[in-house]
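Chain naming follows the written order as A, B, C, D and E, and within any one chain the residues start at number 1.
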Amino acid sequence: MDLRLRGITHFYGDLEVLRDVDFGVEAGQIVCLIGPSGCGKSTLLRLLGGLERPAHGEILQLGAPPAGSLNPLTYVFQDFALLPWRTAAGNVSLVLEDHPLSRRERSEIVADVLARTKLSEFAQVLPRQLSGGMKQRVAIARALAVRPACLLMDEPLSALDSQTRELLLDDLVELWLRERFTACYVTHNLAEAVRLGHKVVVLSRRPGRIREIVEIDMPLEQRKHALAELQEQQSRLWELMREEAMAADRELADV
Amino acid sequence: MDLRLRGITHFYGDLEVLRDVDFGVEAGQIVCLIGPSGCGKSTLLRLLGGLERPAHGEILQLGAPPAGSLNPLTYVFQDFALLPWRTAAGNVSLVLEDHPLSRRERSEIVADVLARTKLSEFAQVLPRQLSGGMKQRVAIARALAVRPACLLMDEPLSALDSQTRELLLDDLVELWLRERFTACYVTHNLAEAVRLGHKVVVLSRRPGRIREIVEIDMPLEQRKHALAELQEQQSRLWELMREEAMAADRELADV
Amino acid sequence: MSDEALAERGAAGAAAPVARPVPFRGGGFAPRPMRLVGLVLFLVLLGLWELGSRTGWIGPLVLPAPTAVFEAFRQLVVSGQIWLHLGASLQRLLLGWFGGTLLGLLVGLAAGLFSMARAGVVPLVAALFPIPKIALLPLFIIWFGIGEESKVATILFGTFFPTVIAVYGGVDNVDRNLIRMGQSFGLSWLSIVRKIVLPGALPAILSGFRISAAIAIILLVAAEMIGAEYGIGAYILLAGNLMATDQLIAGVAILSMLGLAVSWLLGRAERYFLRWR
Amino acid sequence: MSDEALAERGAAGAAAPVARPVPFRGGGFAPRPMRLVGLVLFLVLLGLWELGSRTGWIGPLVLPAPTAVFEAFRQLVVSGQIWLHLGASLQRLLLGWFGGTLLGLLVGLAAGLFSMARAGVVPLVAALFPIPKIALLPLFIIWFGIGEESKVATILFGTFFPTVIAVYGGVDNVDRNLIRMGQSFGLSWLSIVRKIVLPGALPAILSGFRISAAIAIILLVAAEMIGAEYGIGAYILLAGNLMATDQLIAGVAILSMLGLAVSWLLGRAERYFLRWR
Amino acid sequence: HAEDKIVLGALRFTSHAPSFIAYERGYFKDEGLDVELKFFQAAQPIAVAIASGDVDFGVTALTGGFYSLADKGAVKVVGGLYAEKPGVPGMAIMASNQAWEAGLKSPADLKGHSWAMTQQGSSFHYVAGQIAAKYGFDLSDIALKPLQKVPAMIAAVKSGQVDAMAMVPHVAVPLEKAGAARIIGWVRDLGPWQVTTIFTSTGNVEKHRDLVERFLKAYEKGIADYRAAFLDPKADPAKKQAIVEIIHKYVYADKPLEAAAPSIEAGAVYMTEGAALDIADIAKQLAWFQKHGLAPESLTLDKMVDTSFVATTK
C-alpha cells in the first residue's frame, strides 16, 4: 500500500501551517520529513494518519493494505504515549483488544512483538520503571502488533539521550532490514534522516512547503560504514536548512 | 582558578553513585564529562558546585577566582531553569540583585550580556514565548552576568531539537573563542564532547568511576572543518561506551 | 485506469491498486465552553419552574415561583435593606477571609519550608480541618462573645485550614530545579523564598483562594447564627424561621451570585498575576 | 609548597595558588515529615491544656479539661451509645457520599466529554456550589421529609458538586496525546473512555474524593439537625444544647478521627490504584 | 448622675413584651439603668452570652443548656415570668390531621406517637415528659423528633410527618382554623408550670445586688402594665392599644399594626405578678431534667436560683 498526498494545505484558524504539499510514500520505503521547528511536520503526519482533516487537498491510500493488517496507518510518538497504568505487555495488548481476536491469539501476538523488539523479559514491567529507550521500544512493539501497512513516526528518538538514540537507530535499521516496513519518519535530526531515509522531504518554514526532495540511493545496510559519505549529504541538507532553522529559532510564540 | 577533585565517592542512602573520582579542570579549558545514563554525571556536577557534599574526598578551588567574579562556580542547566514569571532581562537581573550593585550597574551588565548572546531584542520577552534555543541562550547570558570563573554545564543542549543544538553548539564555540571561559560540560552526546572538549572524562556505569581521560589537542576553531577526523575520535569513544550504554538502557528503575 | 476510477470501485478489487482517501478518526474529547447553551439552559429551567408553579404542579410550600422569589428580591432592593445585609455580610466575609488567609499563608509557608513546622502543622491541620464549624458555635460564643468577633472568627477558622493546605502544597510543588538554580547563584535564603518560592507557589495559592472563598460564603449562614441582626445569612435564617420560602430562595440566590462574583474576581486576579503562564 | 600548605595560608596569599574547598551552598527547601514531632507537639498541647484546666487558668466553661473530654468519650463507649451514634452516622455518610459521588461521576464525566453537557453543567455547578446546605434545611424537610432521606440528601448535595468539579477537571487533564494514541490505533470511543480517560482521570478523581469526604463529614452535623435521634452530629448538637462542653468536644474529636480514618483509607486506596505512578 | 449600662438579651416574641414595655416607658431609666436591647434568633444563645459576659439579663425557659451553665456557676435565676396554670391562656397541644384521623384525639392517646420539638432538653421536650407522667406511660413510648426550629416543627406536623407537638396559642389557633392541624388539649391542664424565668450572671448577683434589684423593680412595672392590658378582662381598650403599639415596634414590625395586633393579642400568656417564682415547680423541673440526663447531677436549687429578689410561690 502506498500513500499519496495531493496539494495539501492546512490552517489552524487564520494560521497557515502547510501550503500545497505533494509527495508520496511507496511501500517498503522510509520517507524522512525534515524542516525547521513549527513548520508543520507533526501536522502533516496527523493529516496522513487521519487524525485531522486537511483544509484543502487529499490524502489517498493507493492499493489495499496487506491482508491481516489491523491498523494500516500506525503511529509511533515522540513521547511514547504509553499508558502508565499498564505493563509493557498490557500496553501492547491494549491495541488488540478492540479487534476480534481470541485471548490466545492476542497473547501470542504480544509475546511475538515483544520478542522481536527484545523486550520479552520486560513484559510485566510498568513504564515508569523503564528507561526512555525501552519505553520507545515498547511503543514500537505496540505498533508492530497491529501489523501496520505504514508506520508514521513523529521524532521517535528525539526524547531520548543521544547514546540511547544511537542504540535505537541501529535497532530500527535492523528492524527495517528484517521486515522492510513502510514509514514516514519526521525528524529534526539530519543524521537520522540520512541514516534511515530512502527519500528525504525538506520542508520550508511555516507555512511548510516542499523545498526539495532528496533521494538517497545507498542501501540502508551499508550506511553504517559510510558515515563520512553520509556526512556530505547531511552537510548539504544542513546548508539547505540552516538559515531557516535560525529564523525559526528566533521566532516568538504568539502570546 | 582551577578545580581539583580528589577521591570523590558519593552515596544516596545505600546506593553508591560515584567511586573514587579524581580529575582536574584547568583554567581556560573545557572538560567534557560523558558516561551512560544514571552513572552520576549530574551528581558529580552538583558536588563540584557545592550544591551537595561528597561522602568522601574533597573538591578544591586552586587559586583565587578572577577579581570581579560574583559567582565563581556558575551552572547552566539542562532545563534552562528560567523563572517563567520574569522576562529575559529580569531573569538575568535576578542573579545580580543580591550583590551590592547600583541599579545602573545592574542594567548595564544585563544589557551587556544580552548583547553578547545576541538577545538584546528579546530583553522584555517572557520565557514562554521563546523557543528552547533562545531560552538556553538567556540562561547562558545569566551565567555570564555573574562573571563566573568556571561554568558547570549539565547537558545544556540535550533539551533542544537537533537543529537548534547545532546552532547553539556553534555559538558556544564562538563564545569560547572570544572569552576562553573555563567549563565542566556534562553530555550524553559524543559529537558535542569532541567538538567542545579539551579533555573528555569517560565515566563507567554506576557507581561512576573514571574509565579513561581523553585529551583532544585539535584547537576548537579548527574542529568545525575536520568533522571526519573528529568522527574517528567519536567512534573510539562510542566503542568505549557502547556496551555500558546498552546495559544502562536495559536497567530497571527501582520501584 | 485512473486512480479516481479505481477509487470508485472501492474495496472490491482488493488486489488491484485502489485509491481511497485516508479515513478520518480524530476529533472529539475537547469540550469547549459554549456560553449561550448555559444561559439558554438556565432560562429554560427557570421557565419550567415558573410554569410548574403557575399550574400548581409545584406547590408554593415546596418551592415558590421564580417571580415570587424575584419579588422578594425586589422588595429587598426597594426597601434598601439589601445594602444593610450585604454590607454587614461583606464586612464579615472580608475580615474573616482576609484574616484566615493571612494566617494560613504564614502557617502554610512555614509548613512548606521548615521540617519542624511541617511536622507540627500538618497532622494538626489534618485533624482540625474536617471539624464542622457549626458544632463549635456554642464555644465560639464563649470565646469571642456575640459581637462581630465570633462571626469573623467562624469564617476565619473555616478559611484558615484550606489555605494552609493550599499554600504548603503549592510550596511543595515549586520546581526544585528553580530553587537549586537560586542556590547555585548564591541567592540569599530570603531572596529564594521571595523571588522563587512565593511566585512559584502562587498558582496553587490562588486556586486555594477559590476554595477558601467558597467556604467563607458557605460559612456565612453558620456565622450569622450567632445573634446577627443584619447580613445575608441572618436574612436567610429569619426567612427559614418564618418559612418564607420566597425570601429564603432570594437570599440563597444572593449568596450564589456573591460566589459567582468572587470567583469572577479571582479569575481576573489569576489572569493578571499569572499572565506569565 | 604543597596544596595543603597553601590551603593553610587561606585567602591571605591572594595572588598565589590557594587551595580552598568549594563552599557548600545547597540543602534545605525539602521539609520531611517527622512523625515523632507531630505526636510530641500533640501531647505537649494536650498537657498544657490539661494543666491550664487544672490550675483554673482555662475555665471549665471556656474549655473542658482533656481528661473530662476523655471521660465523656469513655462514657460513650462504656454505655455502648457510641455504636448507635456511629452506626447511624456512618450509614448516612456512606449513602450520601456514595450517591453524591456516583451522580457526580456521571455528570462530571459528561461535562468532561461533551461540549453540550459542559456548557450546561459548569455554570450551574459554579452557581450552586457556594450555597450553604444549612440554608436549605427548611426546604429539605419539605422535599424529603424528616426521615433518613433528608439527611442523606443533605450529604449527597454537599458531595455532588465537588465531585463534579474534580471529575471534569480530571478528564480535562488527561494527556491528550494518550487519547490521540488511542484514536490512531482505531480504538472505539468506549474503549478510549474506559481504558484511557477514566484511568487517566483517576488521580484527580481520588483527590476529589478527599475533599468530598471531608465535606460529607462536615455536613453530618447539618444533616442531623433534621430530627435525628442518633448520630455523632445529633450527639454534638445535643451536647451544644445542654452546654455539655466535654461531650461537645468528645463528639468533635470523634468527627476529627473519622476524618483522619477516611483520609487514611483514601491514602491506601490511592497507593493501591495509583501504584503505577 | 452616670447611669449604669446594662445589656438585656431579647427575642422578638410577645413573651418578651415586659422587656419592651419597661424599655419604651422609661422604667429602666427611672432606676438609673441605661439598657441596651440585644436581639437574638434563639433563646439558648442568650444564656451563653450571659455566661460570656456579653449580656447582663435575659429571659428564657429552663432548658438543658441553662442548667449546665448554672451548674458551671455562670448564670442564676432571679425571678419568674411566663407560667402555665389552669384557667389562664397558654400553649396548646396539637395533633396532625392524619394522626387525628387515626385516633389521636387527646394527649392521653399520645403513647406510641411521634412528637415534634426543637431540641432535646427544650421546653417542648419537657411538655412531652409531663404528658407521659400525667397519663401514666413512659416517655420512651413517644418518638421524639428534634427539629431544631419551631417552623420545622410546624411544617412537620402540617405535612403529617410528625403526629403531635405543643405550640404557642397565636400559632395554634390559626393553624386549627386553617384546618392544618387539630388542638387536642392544653398545656395548662397538665398542672402549674413556671415556663420562663428572669436570669442574670452569678457575678451580678454576688457583686451588684443593687443593680439586680433595680432591674427587677423596673421589670416588674413592665409586667404589671402587661398584665393590666392582657390578663385583666376589664382592661381599658386604649391602654391595651398603647401596649400593643409598643410591642409592635419589636414584634411583627414588618406587618402593618392592624394586621399585627390580633396576633399580638392572641399571643398573650400568663405572667406572674411581681416576677414571682414558683420555686417548687422549678425544683420539680430540675429533678425531671436530671432524671433524664439533661441536667448535671451536681446542680442544686440553691446554686441555680437566688430567691432573695422576688416573692416565691409554692
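Basically, a residue touches a chain if its C-beta (ideal position, glycine included) is under 8 Å from a C-beta of that chain, and two chains touch if they have at least 3 such contacts.
The chain list, named the UniProt way, goes like this: A, B = NitT/TauT family transport system ATP-binding protein; C, D = NitT/TauT family transport system permease protein.
Treat the numbers as computed from the prediction; the structure is a model and nothing was measured.
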Neighbouring chains common to subunit C and subunit D, by label: A, B, E
Between subunit D and subunit B, distance of the C-alpha-averaged centres to the nearest whole Å: 44
Where subunit A and subunit B are represented by their mean Cα positions, the distance between them in whole Å: 31
Subunit B and subunit E: spacing of chain centres that average the CA atoms, whole Å: 84
Sites on subunit A at which at least two other chains make contact: 49, 51, 73, 128
Subunit D residues counted as touching two or more neighbouring chains: 25-26, 61, 137-138, 142, 180, 183-184, 186, 237, 240, 243
Multi-partner residues of subunit E (at least 2 other chains): 44, 48, 51, 65, 149, 151, 155
Those chain pairs that satisfy the touch definition: A-B, A-C, A-D, B-C, B-D, C-D, C-E, D-E
Residue numbers on subunit A that touch subunit D, as the complex places them: 49, 51, 70-71, 73-75, 77, 79, 81, 83-86, 94-95, 97-98, 126-128, 142, 146
Residues of subunit A defined as touching subunit C within the complex: 2-4, 46, 48-53, 58-64, 73
Touching residues (chain side subunit C, partner subunit E) in the complex: 61, 138, 141-143, 145-147, 225-229, 234, 237-238, 240-243
Subunit B partner contacts - residues on subunit D that touch it in the complex: 3, 7, 11, 14-26
Residues of subunit D touching subunit A in the complex: 175, 177-178, 180-181, 183-188, 191, 195-196, 199, 276-277
